[in-house]
Every structure is written in structure tokens, then in C-alpha cells.
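Next come two complexes, and both contain chain A; in the first it sits with chain B, in the second with chain C.
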Partner chain A sequence: MLQFEHDFIQVVAKVVVTGQKIESCSIQDIEIYATKVFVVSASAQRLPLQIDDAMRPEADDPEGLQIKVNQDTRLDNRVLDLRTPTNQAIFRLEAGVCHLFREALRMRGFTEIMCPKLISSASEGGANVFGMKYFEREAFLAQSPQLYKQMAIAADFGKVFTIGPVFRAENSNTHRHLTEFVGLDLEMAFTHHYHEAVNVIGNMFTEIFRGLRDNYADEIATVNHQFPAEPFKFLDPPLCLEFKEGVALLKEAGIEMEETEDLSTPNEKLLGRLVKAKYDTDFYILDKYPLAVRPFYTMPDPNNPKWSNSYDMFMRGEEILSGAQRIHDATLLVERAKAHEIPIDTIQSYIDSFKYGCPPHAGGGIGLERVTMLYLGLDNIRKTSMFPRDPKRLTP
Partner chain B sequence: MLQFEHDFIQVVAKVVVTGQKIESCSIQDIEIYATKVFVVSASAQRLPLQIDDAMRPEADDPEGLQIKVNQDTRLDNRVLDLRTPTNQAIFRLEAGVCHLFREALRMRGFTEIMCPKLISSASEGGANVFGMKYFEREAFLAQSPQLYKQMAIAADFGKVFTIGPVFRAENSNTHRHLTEFVGLDLEMAFTHHYHEAVNVIGNMFTEIFRGLRDNYADEIATVNHQFPAEPFKFLDPPLCLEFKEGVALLKEAGIEMEETEDLSTPNEKLLGRLVKAKYDTDFYILDKYPLAVRPFYTMPDPNNPKWSNSYDMFMRGEEILSGAQRIHDATLLVERAKAHEIPIDTIQSYIDSFKYGCPPHAGGGIGLERVTMLYLGLDNIRKTSMFPRDPKRLTP
Partner chain C sequence: MEKKILELTAKYLQVGQVKVSLDNNKVITEIEGKKILGFVCGTLLMVRLKNRRLDGHTALEKCLIQDWLTYCATDLFHCPTFETLNVCLQYINKELAHHSYLCGYTLNIADVVVFLALHPFISNWSFLQKEQYMNISRWFSAMQKDESLRETYAPVQFSRTLLY
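Take a look at the complex of A and B:
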């Protein structure tokens, strides 16, 4: 018997109708009779991992007796690892997330923009930023397209989105942090209330979830076969709770915390479970965060300065979007920066962007790999980044 | 009379039918009677540039008597500059290029992938690459997604595209070089001949040009009003010449050059004019470049090692895509790298990507800002990058 494992071959063959159904194959009524086989590209015969091992469902081996391929071996040999049906499905679905994001926003009149990644100052505070030599001076890698989205709004583009890499020089080695990930960002001017933006973003997520469910059912089933997960549940329109309602749910469940204290990661997860139990949804919006726990450019609630016009959105209890109405007035921006003890000279160009008028606006940023991971109920963000980057990994 | 120049205002008004046509306005039959005007966001009254100056058609001032806004003043105050109708049109059309690129490829079964920008070695040779400290070691910014597109092909994705920033630490201060620009990249496995890929890319460009012409006529007219240009002409199917045919045209026009000599920039421009005169097209493909002038990973022509299975594509005489069939065989790749005197250890991981079999494949990379610039007949790439980066400019 000829073996062509991992070789790329071309086959000249006749398609023939089978005499009886071939029970072991998905196509049962026809088969091909090869008359010539060409090896187009031969594979090395010793493989660093076996695809059969890499694609084995976790449930098939409850006693842990069979060979598993650990994550570093997979990532070191990503070209082979990506050939599993599971990985083919994950990345085809991830492409779908981008497509559905763009289409939902294009239909609503958003314009795609491109934002620079090389910037002249560490925009979001000095920590966790990659710096480099740029000809005769220093440059940094953008930690978000925040400033540029807002400049596009001040420049009259009305509604904008951008997809691109964002960089965090954070020495976090967790299941959900990468040093480089893909940001799906949007920003929009609104007329009366920042909830216009909250509604746009919420409905956009509904369209993404519906699109994935309806158009990627095969991919979801393929991934679930190896990594079982509950189907992702969502409501239409999406559930929107106020931050203090979230805190009340946590308190009911026995958590002791202040009403204006930020949510810890364990409390976020617990709240996700409480919301799922009460409302039967894996996606919800938490609105009106305490002003003190948000960045300086967040618009305070005009009715109560304890709160802010800001929101996070969650999938299966993990944050996947952080957003807010932004301060569009240079004077208020300076005041809030001072309250946060940020030296004004370090953010002067940001403040200057609002000197020539700017409409009220709000937006948010989404981590693509997190959305894919949480939609599919996977346990590690390295499963949804084709070539992940973390403090220890910069290859392949 | 109230003046609200650059203030953002909200107006409460009645719409009334006018008694007689208002000849000076584009909407002539109705007008609004404002009853209340709110200043939502006030602009500073001293502007660094006047929009009227920034949007003045070049043709309106043949004697150069009126105020012009020079490019650095525009870019230093990009938020104001972007408010001109011309800039609004340029960037809406540029978003259209991305949309049409993706749709043309999605319809042909391509999958969108995301490629890392942080890499562990200077992939395309050591020169012109930005390096930085990455935790305990060194990292570089990717000069192209080349390796990652090819790994996706080796990983069975078949046809892929990716849109993202690419970085060149090149101290070039020309009308067409940026240190950061947006790459539209694609790569595909083919069955019999690399012309399958050439045809896909050529037809994709035809669809982009047709889509721009048909769906962005207003934007094109707006840009032309300030910066007049001949309409962009293209053929369907696109014109494809062999490199040696291009050289023959240049020789006919009096240029002295060898058949296997690379095209200089002036010769590329001249060839563009010759092709336009002879074939009436602003877009064409130049196929089968001399092997010696292409990167080491370019597939030699199997029939004549003087030539290669590689191609460039041109708009108005400037290169906007460079592409080729890539070598998919590790042994041949090593041989060609040695011929180029490239130390094998610096590209070992690239070579290893082809060890486990890889289908024959070809692709190319497109500079987004160049496509927009040349389609519109503009004279500087800084006009088509929203926040351009060059050796001297890293702000705003």
C-alpha cells in the first residue's frame, strides 16, 4: 500500500459509482479509481506531531492514556497543527467574525479607516508599551487606535471602524493575554445620547452571533467535536444592565464589595454565571461604570459624577469590549487629566485634537481572538491566534 | 450675523418651501428657518489653516496669487485638513478599495487571515527593519506578511488574504515611500500553472477599478475638482505583457538596456506611457521578470532559468503589486538562497515551513495608499495616508 501522509499529490482518476454503499465514508455512493498519482511536494517522514493525536477529542480519552500534543509542540510546528479540521474551522470562523463586524457597520454608514501603529509618544500611559529607535528619535507601538479614531470623528467622518494589530508590552502569561492581538475598533458621533452608540454596538454583536450561528454551523460542530462547549446563547435585543445592578447580583450571591469598586476577574466570571442563570444569555452589556475606575478621557455622567457614560460587554463572563462616551471638550479633558494626575504636556496633542470643535462621540474596542475563543467556548487565546505572540513566544 | 465656523452646532428649525428657487444652493426648493441654535462644541477662533484655502482647486489660481496650504501645515493640523470635501472623498474611496479587494477574493473562496507584525528575525534581509527590545530579547517589525501567508498555504488554507500595516525603516523621502503603509496581500495554491494566480489577481483589479468607477463617481468628481486628473482607464481582461516585450517597447523608444536588466523608476514610468499610448490602459501586468533581479524565493522559469515565474503590476506607470510563484520545495529553496549568498541559518525557520509538504502557490502584495493615489492621479502618497509616517514625520 502506498502512503502519502502529508505529501501533496495530484491524482488522475476515474469517478465510478460503487456497487454498495461505503459505510465508513461520508461520500458513500461514488469512489475514485486512481490511474496516476504524482507527488507534487513530498513531506519529511518523521513528523514532530501526528495530526491524529492533535485532533483527538478530549472526551475520547477520559483516562488520559492516549498521546496528547501539548500546546507548545503545536505552536512550534504550527504549519502541521493548523492542518487539523478543528484549526481549519477555528480560523475560517474567525475570518467570519471580521466579515460580520465590517458588514454590520458598513450597513450603518461607517467608514473604514487605517490608523498608524508607529506613534511618537506612549499614548495610554508609559507602561506596557514597546519602544524602538526611529531614525534619529524614539517611536512606540500603538496600544490602541483610540486617538486616531477620535481624530477621524473630529475630522467629520461621522462613524468609523478600523481593524488592526494592537501591541501590549505586558508580562502577562495567562490564558487570555497576548502581546499582539487584533483590535476591532469603532467610534461614532451621536446626536442626543451615548446610548445611540451602545445600541449600535449591541445590535452589531447580535448580528455577528446570528451570522456565526447561521453561516458557520459546520465549523462550530467541527470545533465542538474536539472541544465540547455549550452553544453560545444571546438575546435580541441584547441584555443591558447597569453596573450597580451587576454589583447587586454579586451581593445577593454573597460577594462583599463597594458599589463603586471595579470588578475583579473572578467577580466578572461569577457575574457572567449569575446573568446566565437569571437571563439565559452568554452576552450582556454592563453600563454606567464608576467614573473612578475608568480612563481620564471617559465622559462623566452629567447627572451624577460618581458614575460615567461608559460600558463593558461580556461573553461567557469575560470582557470582550471596553468602551465609553469620550470627552470631546478640551477644557473638561484637561480638568479630568489633572484629576488623574496625568502631566498635561504628555497628552497635549491629544487635547489639541478637540480645539477646533468635535461632535459628542462614543465607541469601543474589541479583541478579535477573545471573541472567537469565547464564542466557541475554548480555554486559551493561543487557540484563536494563528501565530500567537506572548512574552515567551515570538516564533514561528 | 452669527458665525459658527468649525463649531459643532445643533439647530432646531422648520423646513419651509421657498417662494422662488435659491440659485446659489444645490438644494433650491426648500430652506430651513432656525428657531434655536445650540453650540455643542466650540472651535478656537484662530485656525492654523483655512478650509477654503485647503480646498481651492489648483486650476483656479494659475498665477499663484492666492494662499496655498503647504503639505506640512496640512499634516500638522490633519483634523482640520481632513474636513475638506476632497479629503473626505479620498478616504471614503480608499475604504472602498479595501472593501472591493476583500469582496473580490471572498467570492473566489479566499479566507482572511491575521499575520503577526512582531517577528523574531529580520525576515527580508537585515536592512530597513525596525528593531526593538522584546522582554529579554530582540524583536523586529514585519516588512511583509510573506512568510505567514505562505505558512497558511502550507497549512492547507488554499487561498488567503490579509490586510495590515507593513513597516520599512528606509530613509526614503520621496512622493511614494512611507515607513508604515497598508499592505493588501494575497496568496493561493494553484493546480497547474502560476498564471491561475496571475489571472485571479488581474481580474480582481478589474473588479476594483470597475467598483470604484461605478460606486464612487461622486468621490472621484470631488477629488478631480481640486486635483484634475484623466479618468483611470483599464481593459477587461487586463493587458499582460512579458518583461521582454516591455524591454522591446523601451528599446523602440530609444532606451538602451539589457534584456535581463531591472527597470529603473524612470523606465517604469516611460513604459507606462508607451503602454498607454499603444493599448489605451492605465493598468497592466508585466510577467516573467529576469530571475536575477527577484528575491531568492522566486520560482525560476522551468523552461529557461534566465527568467522567473514572477510579475509586477502597474497603475499609471508606477508599480503597485509585486508577486511571484514562490519556491515550495525546501531543497530548491536552499539552493537558491545559496546562489543569493544568504546565510542559511538566518532563514532556517522559513525553509522548515516547507518540510512537511506544500502545494505550488503564488501571490502578491499591494500597497493600498499607492493604489488610491494612482487611481485618482494624485501626486503624493501623503495625500492618501490618513496619518502618514515617513522618516521625518511621526505625528499626529
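Take a look at the complex of A and C:
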């Protein structure tokens, strides 16, 4: 008897209520008595991986088998791997994140814009961009839609957001870096203080987390069955600490660091743990970073030039958003660029966009895959990217 | 390793003129003219000369002290890899689960010797490791409060809230 495990079939059947509950199925009350079965699309007999093995929990397997499918095998045969219930749940939840992001911002009066990805000059930090031939000249793939978001604000759109691919040519083979990922970026002009933007972003996150918790509970449970994790905790309104307070928390725990030093990754993770222990939240905002560690277009704090009007947001101890109030005055921008020793001719078009007046604005960008990975407590970003791209992988 | 620990113990007990030398892998302690062979006997000699209180009050305690000092000399000081050291640490962690100190409920020389041996390792532990060996962390934190130890060794930070 041949086994047809992965054919697509069409069944004509009678649906009958069962006398006893069928414990081994997900639908327990009803059965189907098939009268006709058609094979719509047949599958090859030998499969490179078994779906049962791909969906087995890695620890505490109820059947006691310690079978694991290697990540590379999964990614090479992504079409089969994506059929597991866990992967179906992960990507439906990722779609939910995107949907909730759009809804939360649309309700606050944001306009969605589409930014070009083919650009003529590397926007921030020329080392990490992909270059290519563009007819007779050179072009690059956009590292972030930063410049275009700001130009839209200067074009009097007020509040904008954009969802699109982001390309980073970083040769980092880590569990949380991809060369291509989906960026959810937003920028808004504010009236009095950049905290208006911080509150909008913070409340948007709270709405996303609440929406996922309430509407995608089944998907979260399915993922937790194979990849157990603690449920994601957040506060409403979101917790906002100043950078100084974060450094004080770390110093109390015995870490030696300067007040104006950037947080290294182990310190970020420890700070995440300390905040979780103290405030019981996995999501928090760190405000007022030191000016020295931020890019040249960050607005300095008007009261104290040591600090800047910039902020980072963290989920489960890992950074997901880096944002700031941007400098909207061309003269100040040139001054800050000179202080960072950036040649002005490479950013001339950027400076020119502020020549015709621009309201003060702030914003930030998040990575869709990273937010999904950290919300579900997964360990590798390739689990949340449908067809991931990294320095070693270009197919499928 | 034994030589170093003996010298540190001598400094802790403020023994004064002590000469520790190695002879064919056997450590010889020379104090006030008397020569004693072996780590356990050398330690006990110094303790009985200087500070009898650390030697234990009951016969059971004295036995346990000798047991722990022998454990140090045979296992703890001769760990070739980190895995074997972890095995020793798990044993010590289990033993400390039901006692405040190694031999019961009072401080004695066995605690001091194990403290001196483990201090350079524990001062480099991350918070995750300190939480994995919870009993050792609790014991170490109590040991650090002793006056003479506090003067000579930099205190190690422990977190009282569970972080992991």
C-alpha cells in the first residue's frame, strides 16, 4: 500500500457527530465519512524532511523521541517546513503585527507612504550598503527610509509611516541579524515636545501587544507548544526610564560604566533582566541617550548638550527601536556633521531637503521579524522570516 | 594550589612566621621550628596554634572539618578542567542546601579555606551563574561579611532578586 502523505486531496463526505470525543485530533466532536476522494495534486514519495519531526517540541516531547530537524535543512526545504502548525501560527501572527501597526497609526491620522529602495548615495554609514550597476552609474539599495520619511515631513504630510524591505550588508552571522528584513518606520511632526512622538510610538506598541494577546491567543499557544516561552508582559502606559536611571540600575548591580557610555549588548541584556525584576515588564523605553553615541542628525538636548533627544525601546532585553528627534535646521545639521567628521558633499542632498523650511519632527523604525521573534520568545530570527536572507543564504 | 591556599590561610589567621615549601608534590609547613607534612595537617596546626575557635566545638564538627579539608586537598585543588570544577561546585552547592555553613551553623576553618580557594572564580561569575549556584552565593555573601575577609578581599555583588 503506497503512502500518500503530502498530496492535496479533495474529499466528498458526510459530516457526522461522534458519540465519544476523539482525543487525538484537534476537532474532537465531529467525523467525516468520505464517499469520494480525488487526488488534486500528487506529491513525490521521498520527502527531505518529515513534517511530524519538524513540529516536534525540542524538549519534553510527549512521545519521548529526541528528533530535531536542523535549521539549514528546514530553510533549504522551506515549502515543506512552512506546513507545520507552528510555522503557520508564527506567520499568521507576524501578519497580525503588521496589521495592528497599520491600524494603530491609521487611527492616529498617519498616512502610509511608499519610499524608493534604489538610491544614489549611501544614506547612513557607507560601509553596510549593497551596491549595484544602474545603467551607466552606481546605485545602492536603501539601508533605511530615513531620508524619505523626513522629506515627506518637509513636504507637509505631518505624520507618515512606511512598510517596506530594508537592506543591510552587514557580515554578521548572529541569531538576530538578516541582510534583508521588513522595516516598519514612522515619522511625525510634533507641536511642543518630542515626547509627543515617544508617547505615540509607546502607545502604538501597547496596542500591538494587546491586540496580539487578545486576538492571536490560539497562534501564541500553538507556537508555545513547540517552543515554550514566558508570556510577554507589558505595562499600560509603557515604562519610560531615563538613560541616567538605567545606568544607575546597572551600577547598583555592580557593573562599572560611565554615565555617558553606550550600553554594550551584555549590559543591555542585564538591564532588561533588572527592569523585569523591578517593574515586571518585558517592554520599556530608555530616553535621553548621550549625544556622543548617536548619529549626527540627532537633535541635542537644548538644556544640556551632553544628552540628546533620542530614545531606544527594548523587548525582552534586546533593542527593537532606535529613534530620535531629528535636526530640522540646515545650519545646525552642517555643524553636527562637521563635529562627526562627515564630508558635507556626501550628504548635500540630505541637507538641501531642509532648505525650504521643515517642522520639528521625530520618529523611529522597527524590524517586523525581530519584534515577532521577541514577542514569541523565539531564539532565532530566521524562524520569523519566511524566506530569510543572511550573508550565507540567498535561496529559496 | 595547596601552597598558595596555605599561605593565604596563614595571612588570615595572622600566624606570622610561617614557611611553606613544596617537596615532590608534598607541601611542608614550617612554623616555630615544627615541620608538618601535608595540607590538612598544616592547616589544622596553624588553626590550633592561633585560633582554636575555628577548629570546631563538637567532635562531629571536628570530623566534618577534616572531611572538608581532605575534599579540598584531593578534589577541589586539582580540577584540571572547568567541567570537573563544576562537578565540585554542584557537590558543594548540594551540601550547603541544608546548612548555613559547610559544617553546620557556625563559621570554621573549612569555610575559610573553601572561600579562599573559590574567591578568584566567583568574583568573575555572571549573575546567571550566581543564580544557578544559589546556595554557594548565599554562603559566599555571608562569608564576605567577616571582618578580616572583608579587609583583604574586594566584595562580590549578589542580586537579592531573581533575575533569570
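Rule of thumb we're sticking to: the second predicted complex is superposed on the first by the 381 of 396 C-alpha atoms of A that agree within 3 Å, B and C clash if a C-alpha of one lies under 4 Å from a C-alpha of the other, contacts with A are read in each partner's own complex, and residues count from 1 in each chain.
Just so we're on the same page, contacts are C-beta pairs under 8 Å (C-beta built on N, C-alpha and C of every residue); 3 or more make two chains touch, one makes a residue touch a chain.
Everything quoted here is computed from the prediction, not taken from an experiment.
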Message: Is A:Arg92 touching anything from chain B or chain C once the two structures are fitted on A? First, second, both or neither.
response: first
- request: Return first, second, both or neither, reflecting whether A:Phe130 touches chain B, chain C, both chains, or no partner chain.
  value: first
- request: Decide which partner touches more residues of chain A, taking chain B and chain C as the two options.
  value: B
Message: Quick check for you: in the superposed arrangement, does A:Pro396 touch first (chain B), second (chain C), both or neither?
response: first
- prompt: Which of the two partners, first being chain B and second being chain C, lies in contact with A:Lys117: first, second, both, or neither?
  reply: first
- request: For A:Lys355, decide between first (touching chain B), second (touching chain C), both and neither.
  value: first
Task: With the two complexes superposed on chain A, say which partner A:Gly64 touches: chain B (first), chain C (second), both, or neither.
output: neither
- request: Check the residue A:Arg273 against both partner chains and state whether it touches chain B (first), chain C (second), both, or neither.
  value: second
Statement: Residue set of chain B touching chain A in the complex reads 6-8, 10, 40-44, 47, 78-83, 87-88, 91-92, 94-95, 98-99, 102, 106, 111-120, 130-135, 137, 139, 141, 148, 151-152, 154-157, 163-165, 167, 169, 171, 179-180, 182, 191, 328-329, 349, 353-360, 368, 385-387, 389, 391, 394-396
Message: So in the complex, the part of chain C that touches chain A is made up of which residues?
response: 127, 156-157, 159, 161-164
Statement: chain A residues touching chain C in their complex are 253-254, 270, 273-274, 276-278
